[in-house]
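I have a structure I would like to understand better, so I am pasting it below and will then ask my questions one at a time.
Letters A, B, C and D mark the chains as written, and numbering starts fresh at 1 in each.
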Amino acid sequence: MRRIGEPILTADQITLAFGGITALNGISIEIRRHEILAIIGPNGAGKTSMLNVINGFYHPQAGTITWKGETRRRMRPYYAAAAGISRTFQNVALFRGMTTLDNVMTGRLLRMHRNFLWQAIYFGPAEREELAHRAYAERIIDFLEIQAIRKTPVGRLPYGLQKRVELGRALAMEPELLLLDEPMAGMNVEEKEDMCRFILDINDEFGTTIALIEHDMGVVMDISDRVVVLDYGRKIADGPPDEVRASPEVIAAYLGEPHQREDHAAPQHTAAAQRG
Amino acid sequence: MRLFKTLLAVMAAAVAVSCLGAGMAFAQNEQFIPRLVYRTGPYAPNGIPFADGYADYLDMIDARVGGVGGVKITYEECETGYNNDKGVECYERLKNKGPTGASLVDPLSTGITYALIERATADKIPVVSMGYGRADASDGAVFPYVFTLPATYWAQADALIKYVGEQMGGLEKLKDKKIGLVYIDIAYGKEPIATLEKLSQKYGYTFLKYPVSAPGIEQSATWLQIRQQRPDWLFMWGWGVMNSTAIKGAASVGYPMDHFIGVWWSGSEPDVVPAGTAAVGYKSGTFHAAGQDYGAIKDILKYVYDKNGGHTTRDKVGEVLYNRGVINAIYDLEAIRTAQGKFGKKPLKGEEVQWGYEHLDITAQRITELGSDGLMVPIALSCDNHEGNGKVRIQQWDGQHWKFVSDWIQPDRAMLTEMYKESALSYAKEKGITPRDCAKVM
Amino acid sequence: MWDNPEFVLEVVIGGLLSGIMYSLVALGFVLIFKASGVFNFAQGTMVLFAALTFVGLIERGLPIWMAFVIAVVVMILLAVAVERLMLRSLVNQEQIILFMATIGLAFFLDGFGQLVWGGDVHPLDIGIPKAPLIIGGVLVNEFDLVAAIVAGSLVAALALFFQRTAIGRALRAVADDHQAAQSVGIPLPTIWVIVWSVAGVVGLVAGIMWGSNLGVQFSLSLVALKALPVLMLGGFTSVPGAIVGGLIVGVGEKLAEVFWGPAFGGAIEDWFAYALALVFLLFRPQGLFGERIIERV
Amino acid sequence: MLYREVGQFKASYAADQAIFPIRQDRWLMLGALAVAYFVIPATGSEYWLLTIMVPFLVYALAALGLNLLTGYAGQVSLGTGGFMAVGAFATYKLTTVFPGLNIVLALVLAGIIAALVGVLFGFPSLRIKGFYLAVATLASQFFLIWMFNKFPWFYNYSASGVISAPPRALFGQIYVTGAEADPRAKYLFVLTVVVLLALAAKGLVRGRIGRAWMAIRDMDVAAEIIGIRPLRTKLLAFALSSFYCGIAGAMWAFIYTSAVEASAFEIDRSFQILFMIIIGGLGSILGSFLGAGFIVLLPIFLDNAPRLAGLELPVNLVTNLQTMIFGALIIFFLIIEPNGLARLWVIGKEKLRLWPFPH
């Protein structure tokens, strides 16, 4: 049975600016072991930037990140990955040329060590390693109920399924901290319910710590242990859902702000990301 | 399904190739000559006249006397595009054609020559690299199946130096003069360097190298250097588009044309015509005459063109490269004739033609019989001399025609033979070949 | 090197002038890549093909101007054919596929051109003087000068075309994003035909300039190789880039060849041009004037 | 129903990850190998073996190498010819400096040298992408060719800069290089090398490394975020790719033409091999072979077709027509299947799977 523990990641006074625009303004967040943390806020509040800083895709001008007692100014993406932080993206960032299975298997890359000579021979050690990790990948596929599309190139999958595969890839890394950027964006109600179930189960069964960005207040309030609210690069609230819901500042931030999503046209976004 | 069929079609096509290589039926009394030519691609302008000249001469012979010693000469052209692997493919495809297989092969490219030397030696088919290919192959002891008649690049380089010396009134005058070489930066272009360096020590001139990267369409840097260093004489080892470009380049920096001398592959109509008036006065080496007023050429017009035959137009007959093709054909047929003298008037095998080439002796009298007085000079080959002491002559472009401006020059044979031997032996060593003892070969 | 300043100047000028000639070829690439994202491998062959047509017509006794007009028409027809038979069926394919298709086109034109006009070399003289011109001890080649002027005016014309005309603006829009193109109200196929035609005409001009230097023959198609480093340097999508890139490459390779070449045994200008471009790329991966490559998640 | 998978159940992941999970494919492959090893050497003429099969295999190997780099790791390269040249000249130096050196060992060493050079020229790929990278690799192409042409040490100071292969034997007496070598020996040697390296390539691409490459190819940003180090992965791709190309180049120089100068590996070669993998199929081992077949065999066939049909056409006409048809076919195939012949093959199989029923 999970119980929320000490902070495993502490972002301290993070400031990030692009040219003139300040995306993050001295934000401090801590993420505690085993919890589900929701980061919310109106568009352009800097939620995604925050995740990007945490797993090293952006390098903040000021502030530090402490991960399991180790403090550093800037992360490198592959260091973050190696250290057990994995994530999904707002606009699905799958490897479109590969099948579902292969995408999930890429999540195991960090744990596979046979060098290219063994790989070239394949039979023997490399194959054994391959099969061991295949078994793990299959567990995740079963868990996410995507057996049917195992051999389908992900490019051909519907958006909702792609999101699920991406989650699978992140899980395959056996992360300690899982960052989910709008896991339910562009999903219908059933898909959302599935996704919620998965998130809770992951948190439950694997004890994975989860930080997620979500717009759907209902979802957020249901599944998260704690909510952080960002607005224009500042943190305006941090606490249990009910508390946050009551906070006047939050209400102010959300007043007049209709309940909208950032990605009506997710596919184009994905395409754009592909080009990048 | 349509696309699947097309795939099958391609597969089928690929399979169909397999039935090649096995030559088709030939009449028995024929002597087959494979013709590696290039009528397309970047070097086509030079390849076409040569191929036409050769083919026309064979047609003429067959029309006039019905072949050599009563044996009809047949040939098949194969397009190499001056491309080495294509050349190898052509050679392999054609070498077994005809009743006796290929009697010899004219690679018509230094690169292809190199690629064929070993194969042909193994197949016992003579490689006739007339005025190109590897110079040291003149040493017949090491290269029994390669022939470099009538003269190699090294011989020509020496001849050019002799000519320059003559122009300046004595080779000793070369001292402290500057002689430059503009060359295309591939195997062929580098051939003369060794010789010119050797001679520079002998005569004390400074030797300047101006490599031009192939294909040589952009040379302005080179010509700026030349304008700066002002060599007294300038040689050129170029090919294809490089030649005309270089001549223009020389004009553009005001280099005196009559001090600019090209190798015989840089001295034909396609090289000077595109340069227009700029080319007037430009010189080049050669080992035969240009023009139509020679018996053999007249016969071609008479027996081929008057009968609406021929591979080109009448006016192109007699161009430098056309006549060179004719010369090549004459050599080949004379070798076959010589061989027939020993092995009988029948279709001959490659090794028999090789004997013919090794005993080829085209005397002045024979040249007269061939109606080629003034067109070519006598040569005589032997087991250890596959070059045959050919001579070199300098010609000059007057805007209309190529005119001789020197007498026949005999290169320094003693020195050259020395160089051939040295280089050939090192090759033999690398390849583990034991040279023939020519004293024992009759 | 510096002991002889006017020689350096001479080399620089020579470089600038050859650079312009490279730019002429590079322009064709840029136009097509800019508007359709196609890296047109066939540009070199188009140069040859256009020049062959032009010179072929002159040899058949047509006056130069008429030969030029007809050649232009031919290039436009070619553009239409390319769009109808090739591009139309390959819309929305990956760049590399389109690239490969243009290679097929290159092969086709190579064969076709030689089939129609023969493999011989065709001398081309449109009356540009070739005599050396010595200005204050510095050699300037008259021909190159004319070439430079032609290239310059061509670029000016293109610039006007892109800035002033509706089509031009439409093309710029397409270059930025294909959705936008629709909104401009000009169908993509039409735009493709236009850019390929323009590229064809640019190719014709390049072909005439190079051709009257080399003689019109197969090797003309190889000038494309001289344009590639220019593209790298200037960026595949920028007309001014093609010009500036051409000049930089021209000057760079000539200086290298003349002053450092001999130290390495010469003939270094080919790879030096690429190395030079490479160095620039390491600092600006999208070329001097190319559009930024944005990475986003 | 020639091609039915029904009833072929995979009991284990091992079976599922086999190279040919489907029985028919296994048979087909074994059949092809049998033909290659027994039928062709037995029946093929010297022309067929030395000027069609050997170059085809050598090209296929080079294409395979480039496909690892371009098809799998997504790094478009036009430096192939340069790397082939490295292999060729390295082998030449090795075999002439150490005459005792076993030819196989020489090839491997040459491959390794080529790999190192590949790594060196792979560094720009960290910053430069797409066509810019492609053109950038031309720098290596031109530089390498220039270098092998310029420094006489590479060709043992021969007058013309041509290297010609010294005869070398396998197991003491079976010569595989040089003119005396039996065509069959040459062919079988090349075939074996290619088959082994193709298997190795398959092993590489279906495992960890292959996935890392494809991840980089499909989306380098995401790849980095799941813990792939871009530079390392790309450089490994350059290294292995160059290894393959190097060996291909060595076999080109030593077994196919047996005498080459640097310009045999000039830019056209690089383009040719790029064409092969695009036509054959990017990211497909089979595609490399199909592509090589298309680019090597088709022109030869078109070249001979008229003569086979008994027509005597002038060579220039034939050659020009051949070039035109060849170009047209390239476009045609791209239009019917942009993903290459390998994809066509798969589609064909799917059709067979249903055959004779429409659906």
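Rule of thumb we're sticking to: a residue touches a chain if its C-beta (ideal position, glycine included) is under 8 Å from a C-beta of that chain, and two chains touch if they have at least 3 such contacts.
Everything numeric in this text was worked out from a predicted model, so none of it was measured.
A.B. asks: In terms of Cα-based centroids, which chain occupies the most central position?
C.D. replies: Checking distances from each chain centre to the full centroid gives D.
A.B. asks: For subunit B, which other chain has the most distant CA centre?
C.D. replies: Of all chains, A has its centre farthest from that of subunit B.
A.B. asks: Which pair wins on C-beta contacts, B-D or B-C?
C.D. replies: B-D
A.B. asks: Report the inter-centroid distance (CA atoms only) between subunit A and subunit B in whole Å.
C.D. replies: Whole-Å distance between the two chain centres: 72.
A.B. asks: List the centre-to-centre spacing of subunit A and subunit C in whole Å, with centres computed as mean CA coordinates.
C.D. replies: One centre to the other, that is 48 Å.
A.B. asks: Distance-wise, how many Å sit between the C-alpha centres of subunit B and subunit C, to the nearest whole number?
C.D. replies: Going by mean C-alpha positions, subunit B sits 36 Å from subunit C.
A.B. asks: For subunit A, give me the residues that contact two or more of the other chains.
C.D. replies: Residues 57, 89, 93, 273, 276 of subunit A touch two or more partner chains.
A.B. asks: Scan subunit D for residues touching two or more other chains and write them down.
C.D. replies: 146, 149-150, 221-222, 225, 316, 319-320, 323
A.B. asks: Can you pull out the residues of subunit B that are in contact with at least two other chains?
C.D. replies: Only 39-40, 44, 48, 185, 213 qualify.
A.B. asks: Inside the complex, what are the residues of subunit D that reach subunit C?
C.D. replies: Counting only subunit D, the residues touching subunit C are 76, 124, 127-132, 135-136, 138-139, 142-143, 146, 149-151, 221-222, 225, 267, 271, 275, 278-279, 282, 316-317, 319-331, 334-335, 338.
A.B. asks: Which positions of subunit C touch subunit B when the two form their complex?
C.D. replies: Within the complex, subunit C contacts subunit B at residues 4, 7, 10-11, 14-15, 17-18, 114, 119-125, 130-132, 139, 141, 143-144, 210, 213-215, 217-220, 222-223, 226, 253-254, 257-258, 261-262, 265-267, 269-270.
A.B. asks: Can you name the residues of subunit B that touch subunit C in the complex?
C.D. replies: Going through subunit B, the ones touching subunit C are 39-42, 44-45, 47-48, 185, 209-213, 215, 217-218, 220-222, 224-225, 227-228, 240-241, 244-245, 248, 251-254, 270, 273-276, 278.
A.B. asks: Can you list the subunit B residues touching subunit D in their complex?
C.D. replies: My answer: residues 1-4, 6-7, 10, 13-14, 16-22, 37, 39-40, 44, 48, 77-79, 81, 84-85, 88-89, 92-93, 96, 110-111, 114-115, 117-119, 121-122, 134-136, 185-188, 190-191, 193-194, 213-214, 423, 427, 430-432.
A.B. asks: Using the touch definition up top, name the residues of subunit D that touch subunit A in the complex.
C.D. replies: Residue positions touching the partner: 13-14, 17, 199-204, 206-209, 211-212, 214-215, 217-219, 221-229, 236, 240, 283.
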